[in-house]
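Labels run A, B, C and D following the written order; every chain starts at residue 1.
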Amino acid sequence: MKKVINDPNEVVQDMIKGLIAAHPTSLRQIPNTTAIARKEAPVLNKVGLVSGGGSGHEPAHAGYVGKGMLDAAVAGEVFTSPTPDQVYEAIKAVNGNNGVFLIIKNYTGDVINFEMAAELAEADGIQVEKVIVNDDVAVEDSSFTTGRRGIAGTVFVHKISGAKAEQGASLEEVKRVAEKTVVNVRSMGMALTPCTVPAAGKPSFSLDANEMEIGIGIHGEAGIERKNIASADDIAQELTEKILNDIDYVEGDEAAVMVNGLGSTPEMELYIINKRVSEILEEKGIRVYKTFVGEFMTSLEMAGCSVTLLKLDAELKSLLDAESHAPAFRI
Amino acid sequence: MELTVQDSIYWIKFANERIQSEKEYLTSLDQAIGDSDHGINMARGFQQSVNKISDGSYVHVSDVFKDVAMTMMSKVGGASGPLYGTAFLRLSSAVKEKNPLDHKVFVEGLEDALNGIKQRGKANKGEKTMVDVWEPVVTLLNKNNEVTAEEIVNTAKEAMEHTKKLVATKGRASYFKEKSIGHIDPGSASSFYLFESLAKVWKSGGQA
Amino acid sequence: MKKVINDPNEVVQDMIKGLIAAHPTSLRQIPNTTAIARKEAPVLNKVGLVSGGGSGHEPAHAGYVGKGMLDAAVAGEVFTSPTPDQVYEAIKAVNGNNGVFLIIKNYTGDVINFEMAAELAEADGIQVEKVIVNDDVAVEDSSFTTGRRGIAGTVFVHKISGAKAEQGASLEEVKRVAEKTVVNVRSMGMALTPCTVPAAGKPSFSLDANEMEIGIGIHGEAGIERKNIASADDIAQELTEKILNDIDYVEGDEAAVMVNGLGSTPEMELYIINKRVSEILEEKGIRVYKTFVGEFMTSLEMAGCSVTLLKLDAELKSLLDAESHAPAFRI
Amino acid sequence: MELTVQDSIYWIKFANERIQSEKEYLTSLDQAIGDSDHGINMARGFQQSVNKISDGSYVHVSDVFKDVAMTMMSKVGGASGPLYGTAFLRLSSAVKEKNPLDHKVFVEGLEDALNGIKQRGKANKGEKTMVDVWEPVVTLLNKNNEVTAEEIVNTAKEAMEHTKKLVATKGRASYFKEKSIGHIDPGSASSFYLFESLAKVWKSGGQA
């Protein structure tokens, strides 16, 4: 394991110290927690937005805290959902008396811990609503199982709900646009190499020198298929087609595109993927309204990428365009 | 058997010893069908539980369990943290103000704990989760109060081994679908250590 | 070699297509070149800023093209300076009749190619000035050799000169602030793993499983020392001390900090480095005015990081704070 | 000897063949003390030069060299592109309007080329650059016009080998300082192939 760290058990604490040192005027650590909040939170009469999850997905989630996006992000241990008490503290810290909205990625741990926190907050009389993001089309959508995972599309949910909340919308209105975003967002990823959880010290799985895994999760959970590395064009095609098979687009529809690096794939390669994604969308008559290429929802130093498409209407477009001061998503 | 405050503390201490020495093994199980953190999570949760209950002086067993529950809930995270937390919280509530616990009270408490896991996790037996170890053990204990330590260990162990055959439909392993077959469920393994440690307390006739 | 690419010889072309597809309203490709310009270039009466260099350092340099930073960036083959004719086209494309300013990293190839381009442009009557960035303290500063390399500190030169040019300053004024930035900026890097040039197909060097190299360049050129991996705190200390030994800071001085990832080092680890960097600066009484943590000047998928300190005065602070629309450096 | 248009084209073609087959070797030299692209750069530059001059019909040798110069200048980049480009541009200017080139004119052209490299690169002999191959070869050719192909090859080869012993003070290898000792300079190796190919043309008595 080659990492620039100190004690593997202190990576989250150390990271938070470095993060606060880097953004002392806009972010603060909620005392005795691993939660990061906007310096000015709670913003009176604004719905407070809380997200978070395991660490190791940086810039998610703390990078999305800022005016126009989240009010707080709760960081768990690496790949481990934060605990209810931490999420509860975050909810209290951002409650501006207009309710608090939780954006949760659909993993058993995240859902349980955030729901328990919501119960604690509701017992205090804080109104709490939530959305569960499940954009990963690699997983079958079934009500008998855990269902689809939440991956990079979550960032669009942060952006859209954050913009709505910033406008002074009610908790119900924020929830409505968040759910609309979830309904319209789809992602799919692939990996070339595994990653190593610092405290585990060993890679989470292995891939042969010329193998890739299609449909992998952001914690190295299984994908759909392991096969020989294909060209960037073929990879882009496979990811994009899988998404388009899952949601109806008609000619003239508009979409936001996110090409997300999982960790060690150079930006050069992400742009190479975007080349083909944009060609495919053009071929299908889908208009690309905005494109985001970079690292938004990583998996430590895993090599690989994901493609996300968000189908847009006028409301989503204007919310996507709204100003954001979040360090990792300035608009 | 009868469970005293001292027994309950020993139970958690024994479990912690097992978990610490099997930390890497548990993580490797989670490497196969999860996200490589179950050993790390459990080692953190049990160690901190032991730290907590070693400090306290307890009159009621329920208070020991409550401290374990709160520690699991606040120090672990992930799926396993709140599930074990819920289990110990339900167990604590069920045996409130009682000390020592007679067989019936204790087993009723374990049954409540099992139901807590099932509710929180929205999981039933056969979905390749810790429920698949908890349910057979609770059923066994419910059958009679003459049950031996060996029976507990064997039941828990068999149940854990049986998870190999199951397809996961809950938790992170569910993404592996059929490919989850052939692997022991990590949470079932940690639950096995928990019941194995209970059996150790049991064996000493409630006097660890 | 595990990469998400098509033809290894076409990576730069493919990347540029993906880049333009992602930023169609703000960037354009200068026809028949691998140079990227602001859509609105040339901006009349504004000094035009051109930088560039080998590819493989993304988001450098095209990510710094935008209002408030560069007018054009010229992309060479991977780790290979662009040719004079390409740079020449870029100079012509951004000439707003107030002269063109070149920001060159101090590598033999870059210096020669950009200087030849300047000669071609000057023959056309275009006024051209330049600055050569040599911030890497790992290399000895000597007039008998090639001298110090230009690395991540270059991004500060882009930012400061870009802000000045945007204010309508003259070519001489832009040159003055650029030189002031070069005089005040220092960087130093380290690596844990090598990287692979796509067309070479093999890693550029090798490091043992527990080895790191201190003072490495952004093309894998040799550093100062190879030794066992140290803790993040020790690494941060070594890089920062080396910088502080090279430039005088007195208590109360202010600095901008950049912790730059070389490619596959997770942002989590960069923040862990920043934790210690900020502590050291506090210990020395140096005030951190602004901190930038992320990937700014990469070396394909190399693992490692660099630390950059820019000593600030009132002028540099206000230029650093000025608005920037460059995709990789929005302020 | 005498150099005709045909000879000059063969010279570049032979050089290209060598470069293509030694592409990986040249890159591996640059992997040791540079940035792993010299083989790639040279292969691109020479191949495109050959493509260019194969298409044209030339009256003057200087025009062949000018096309090579422009191709090197516009297709290679890095340090080596403009240096080889400058060399061929100076050579072209020196032999302008002459065809065929007699020994003296050609060698004077090569001398101009060498000086072009030295000026552009601000490098002198002994700094572990291509200058360390060019200078001995030009000196040899200057000595007399009876020089044999073998002498050219030997001189170029020895000069290239000698770069192993040098500490780089110019170009990317200079960052390696003393550690650059023991490695052949990549640009000296590509220059060796260039002169080896010239010798091949030479051998055939100016009639390739």
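Here is the rule we use: contacts are C-beta pairs under 8 Å (C-beta built on N, C-alpha and C of every residue); 3 or more make two chains touch, one makes a residue touch a chain.
Being a predicted model, the structure only gives us computed values, none of them experimental.
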| item | value |
| --- | --- |
| Third chains touching both chain D and chain B | none |
| For chain A paired with chain D, centre-to-centre distance based on mean C-alpha positions, whole Å | 54 |
| Centre-of-Cα separation between chain B and chain A, whole angstrom | 32 |
| Where chain A and chain C are represented by their mean Cα positions, the distance between them in whole Å | 29 |
| For chain D, residues that touch 2 or more chains besides their own | none |
| Junction residues of chain A, two or more chains touched | none |
| Pairwise touch network: line, ring, star, complete, or other | line |
| Interchain contacts, given as pairs of chains that touch | A-B, A-C, C-D |
| Chain B to chain A touching residues, read off their complex | 27, 31, 33-37, 39-41, 44, 73-83, 120-121, 169-172, 174-177, 179 |
| Chain C - residues contacting chain A, complex | 2-6, 11, 14-19, 21-23, 55-56, 58-59, 63, 192-193, 209-210, 212, 229, 231-233, 235, 257, 259, 263-276, 278-279, 288, 291-293, 295, 298, 300-301, 303-305, 330 |
| Of all residues in chain A, those that touch chain B in their complex | 54, 76-86, 107-109, 112-113, 116, 138-140, 144-146, 149, 197, 199-200, 202, 204-205, 217, 219-222 |
